[in-house]
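Order of writing sets the chain letters: A, B, C and D. Residues in each chain are counted from 1.
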Amino acid sequence: MKKPDLSVEIAGIKMRNPVMTASGTFGYGEEFSPYLDLDTLGAIVTKGLSLAPRAGNPTPRIVETPGGMLNAIGLQNVGIDAFIEKKIPFLRNLNTPVIVNFFGNSIDEYAELAARLDLVPEVAAMEINISCPNVKHGGIAFGVDPKAAFSVVKAVREMTIKPIIVKLSPNVTDIVEMAQACAEADADALSLINTLTGMAIDLDKRKPVLANVTGGLSGPALKPLALRMVWQVSRAVKLPIIGIGGITNAIDALEFMLAGATAVQIGTANFINPGIAQKITEDMELYLVKNGITDVKELVGALEI
Amino acid sequence: MRHFKSMVVLNEEVSPGYARIRLTAPRVIMRAKPGQFVMIRVSEGIDPLLRRPFGIYDLGSFMPEYPDAPLQDYLEVLYKVVGKGTRILSSLHHGDYLDILAPLGTGFTQGNPEEEKILVGGGVGLAPLYFLAKQLVKKSKVKVFIGGRRKEDILSVTEFERLGIDTYVATDDGTLGAMGLVTEVMESNLANGDAKRSIFACGPLPMLKSVAGISERWGVSCQVSLEANMACGVGACLGCVTKGRNHSEQTPDYRCVCKDGPVFDSREIMWE
Amino acid sequence: MKKPDLSVEIAGIKMRNPVMTASGTFGYGEEFSPYLDLDTLGAIVTKGLSLAPRAGNPTPRIVETPGGMLNAIGLQNVGIDAFIEKKIPFLRNLNTPVIVNFFGNSIDEYAELAARLDLVPEVAAMEINISCPNVKHGGIAFGVDPKAAFSVVKAVREMTIKPIIVKLSPNVTDIVEMAQACAEADADALSLINTLTGMAIDLDKRKPVLANVTGGLSGPALKPLALRMVWQVSRAVKLPIIGIGGITNAIDALEFMLAGATAVQIGTANFINPGIAQKITEDMELYLVKNGITDVKELVGALEI
Amino acid sequence: MRHFKSMVVLNEEVSPGYARIRLTAPRVIMRAKPGQFVMIRVSEGIDPLLRRPFGIYDLGSFMPEYPDAPLQDYLEVLYKVVGKGTRILSSLHHGDYLDILAPLGTGFTQGNPEEEKILVGGGVGLAPLYFLAKQLVKKSKVKVFIGGRRKEDILSVTEFERLGIDTYVATDDGTLGAMGLVTEVMESNLANGDAKRSIFACGPLPMLKSVAGISERWGVSCQVSLEANMACGVGACLGCVTKGRNHSEQTPDYRCVCKDGPVFDSREIMWE
């Protein structure tokens, strides 16, 4: 049999397969190069970027929970200048699209970041994080209010002709409403979900485990929620969707595609197995071969209700 | 940095609640430096989800039991059973498999061989110091100070003595060695000498902080191996950071314990 | 040492300890009597009740997920008449308060159920389910809209002098707002959380696993979310709180109490170990003894931030 | 209905992908009826979270290896490795422990001993039928029809033959016994006789449906043992229901497979 076609395209970003790595879980790619071939991935999404460098939260910042983990990194990052100077040179040599995830404390900051990234040729697309629940000013207000989300996306849209992916928060009553607001503001694609706000407590110390008290839940525990949201949004909104949340293997990834995702992002699973993203691409191909599917795109939204 | 499947060769209790596990490893493990660590996945499923970090306690090679086999390299980890992951680890037998990332992080800088090497460890913090001592004794005079709560928490004394190293022990309850803090024993020992020395420490944070203070007072250089909650072990998640000396909100100076450490010069760290 | 005091009181319901069983996971108590002594529990909450009997959803209704499970039972229940006739006689003989969980398709139905239950002496309190995400008319609208929640609680309040506990849904942007609406409508206590809406897919069949497509996520996976919500609500609202979500042992239970819960409910864990509720009461006592705590109420809200 | 810790006594493959596990059980297990089942917790952690249901394949007692020990009762389960839970089960050894609820549900009604007993099983559906056959042969004539996809899926033939039972086999691919559906073999056998008979069936749903149809056509009473996704196993979660004959939205008639079943009179079920 001919090799199946794994390639997908999202808002003009051509990817050799649907397997991307999720922001904040894959560093700037480099950290994982001993463990996999970065040029086998669909795309790499870099750690959330802000204008100025950010210190992030005090420690402890992470804790394991049943089937998942909480993180309160607090969006620590090197800031856009250092990113362009120190991280882009490595990424430039890859044959894989680089998508830059970023966030601002205000609409102006979002717009300014977009304007600057628009000029960086190595940036294939932007992923706007309107959803990080860790930091008071990390965008939480934008991520749960459709009007605010609309304004941010609109402002970014005016600054760039690169594809805009908006990353949605699950901490909302109605994810479809959020998705629609982004679509109206002319986003090119949606990625979902970001982490769910949770908390862990140390009984003996009578204290929260995380210095930040609450953190974002990620990992397999989250998968049913993420699948549901992808499915809901894909039925209501025409934009291409990138499915994220608890994916640890090719089966999980393909389930998200059935639910309506054109591509997926691997997050926490990178910590468990630093070579997992490449392995998922390989296993995905095996699955297609075994089931006589010639093109992975056939599966997108192919869920039968 | 390699990702490999490893077979358990032996796994034995060394003191109540502490065990030593020997794990096959690829040849390249022999280049690991004392102070580097490994991330072990103790379950194939999601419980527990994340890998667990452990210092390298020893390296070696053995002759497999079948004819004409090449030497097989291994690494050893000395661990304390504290929770789910280490409990699973302690239930493994010869022939079981584990998934491992190793070696990770930076190791100790061994420095000038003329210096006297002062090793200070608390509890399972001894693990990387034993590996370090094995290398240091070849060229330097080495002393080791071992602390713990009770005598059960004092590990590897025989192993250190076998290396011909002066070994000092202190326990909180006096059940072995001096009664009191190992740092006090070390400091009074420092006072009785004036050789050029450097300190290598691993153990609980309060101990490290105290060692850092002592080294500062005596003007002795000091490296500490830190612990932190880790998710990735490779510098990607930023979960394991510790504050560098010059850290402030405005000019953040966070270091990854997993990648920039776990070993740091004690003066590079902001001790809070 | 003297035995520690485990008793708590919620809205006048005196319980010998803070460990209750959660609605829908403990049948009508009887099913578990071979496995534990029902008279060691703090209280029993019965399966969600409606006016008429309900068929519930088609099968499959349940599926395991990482660290949790999805259910789409669809609120199958015998209806209030059969409940009073067939289930109350067994419950009457218990020495443990019985709390009846119920739901309606309209405000009138809620009110009518409350009026009828008000007359049943065996009912120690009512738990209003405004949150079940399984059934289109199972109350989802009430559970995510503060105004609707207010109206339901108000209507129930007018029909009964028994304590009213309102059970909150986690499928909202702002759980505090929901809690406040219930407090304003004169609820006596809040229980949280109900299940989180999720989905599971069978890749090979290209179909949702559950006949109902989506279902409610419960179990340990949910615990960080539940803890966070209990903590948020306890800081904002004066009502006593019953913490629910992924509790499987005494440590979990006590963590919820630190976060602000006066009592807890055990749900999915009953399926894993039918004797767990009693074991949690025992282990809780052991913990208190070991830590020299003479009264479990000391722990309520004792989290140090 | 008891909740107990059990020790694995043996666990051996009986055919590729199928194994039989023997588990110690309290004395009262001897009162379990064929068709009743057990819920096994295969992991102490949360992966997998829920118990797994299995029919009782056999009961017995053995003499422990230490002197003056009382007889120890056991139950056996015959299982197919299909996923995470059964994979963990298959990795257990003598001396490992499991947490069990048993016996659960209703069993088969054995009825009038004069009747000829027709047992029909598919794959691992054989499990409860073997336990049933052992009791039935004491008083009745018994025939068993065993179906499966390939010869590897045909289980327990020797065991049934050892009971002196007429054993008929059919496989989809003809690798053992007749080629075709076991239900067809059974129906043609029904046609060649006119004794008073009753049918006992366990296996995949399409097979059971077909057996129910055959029994209807021939006017033979029939009991089927159903499967369903289960969470609690005790009638509390309502996850495992199946529609009763008179079910409608207005007058719901759902039966719990775990508590009202797993064995039902085939006429009591709504076959869709």
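Methods note: contacts are C-beta pairs under 8 Å (C-beta built on N, C-alpha and C of every residue); 3 or more make two chains touch, one makes a residue touch a chain.
As the structure is a computational prediction, the values presented were derived from the model and not from experiment.
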item	value
Partner chains shared by subunit A and subunit B (touch criterion as defined above)	C, D
Most distant chain from subunit D, judged by the mean position of its C-alpha atoms	B
Separation of mean Cα positions, subunit D and subunit A [Å, integer]	47
Subunit A and subunit C, separation of their C-alpha mean positions in angstrom	34
Subunit B and subunit D, separation of their C-alpha mean positions in angstrom	54
Shared-contact residues (touching 2 or more other chains) in subunit A	66-68, 219-220
Per-residue overlap in subunit B, given as positions that touch at least 2 other chains	46-48
Overall pattern in which the protein chains touch one another (line/ring/star/complete/other)	complete
Residues on subunit B engaged by subunit A in the complex (per definition of touch)	1-3, 41, 46-51, 99, 101, 228-242, 247-249, 252, 254, 259
Contacting residues of subunit D [partner subunit A, same complex]	46-47
List of subunit A residues in touch with subunit D within their complex	66-67
Residue numbers on subunit C that touch subunit D, as the complex places them	24-27, 31-32, 34-35, 47, 53-56, 59-64, 66-69, 71, 73, 76, 219-220, 248, 268, 270-275
Subunit A residues within the subunit C interface of the complex	65-68, 70, 144, 171-174, 196-201, 203-208, 213-215, 217, 219-225, 227-228, 231, 246, 251, 254-255, 258-259, 291, 299, 302-305
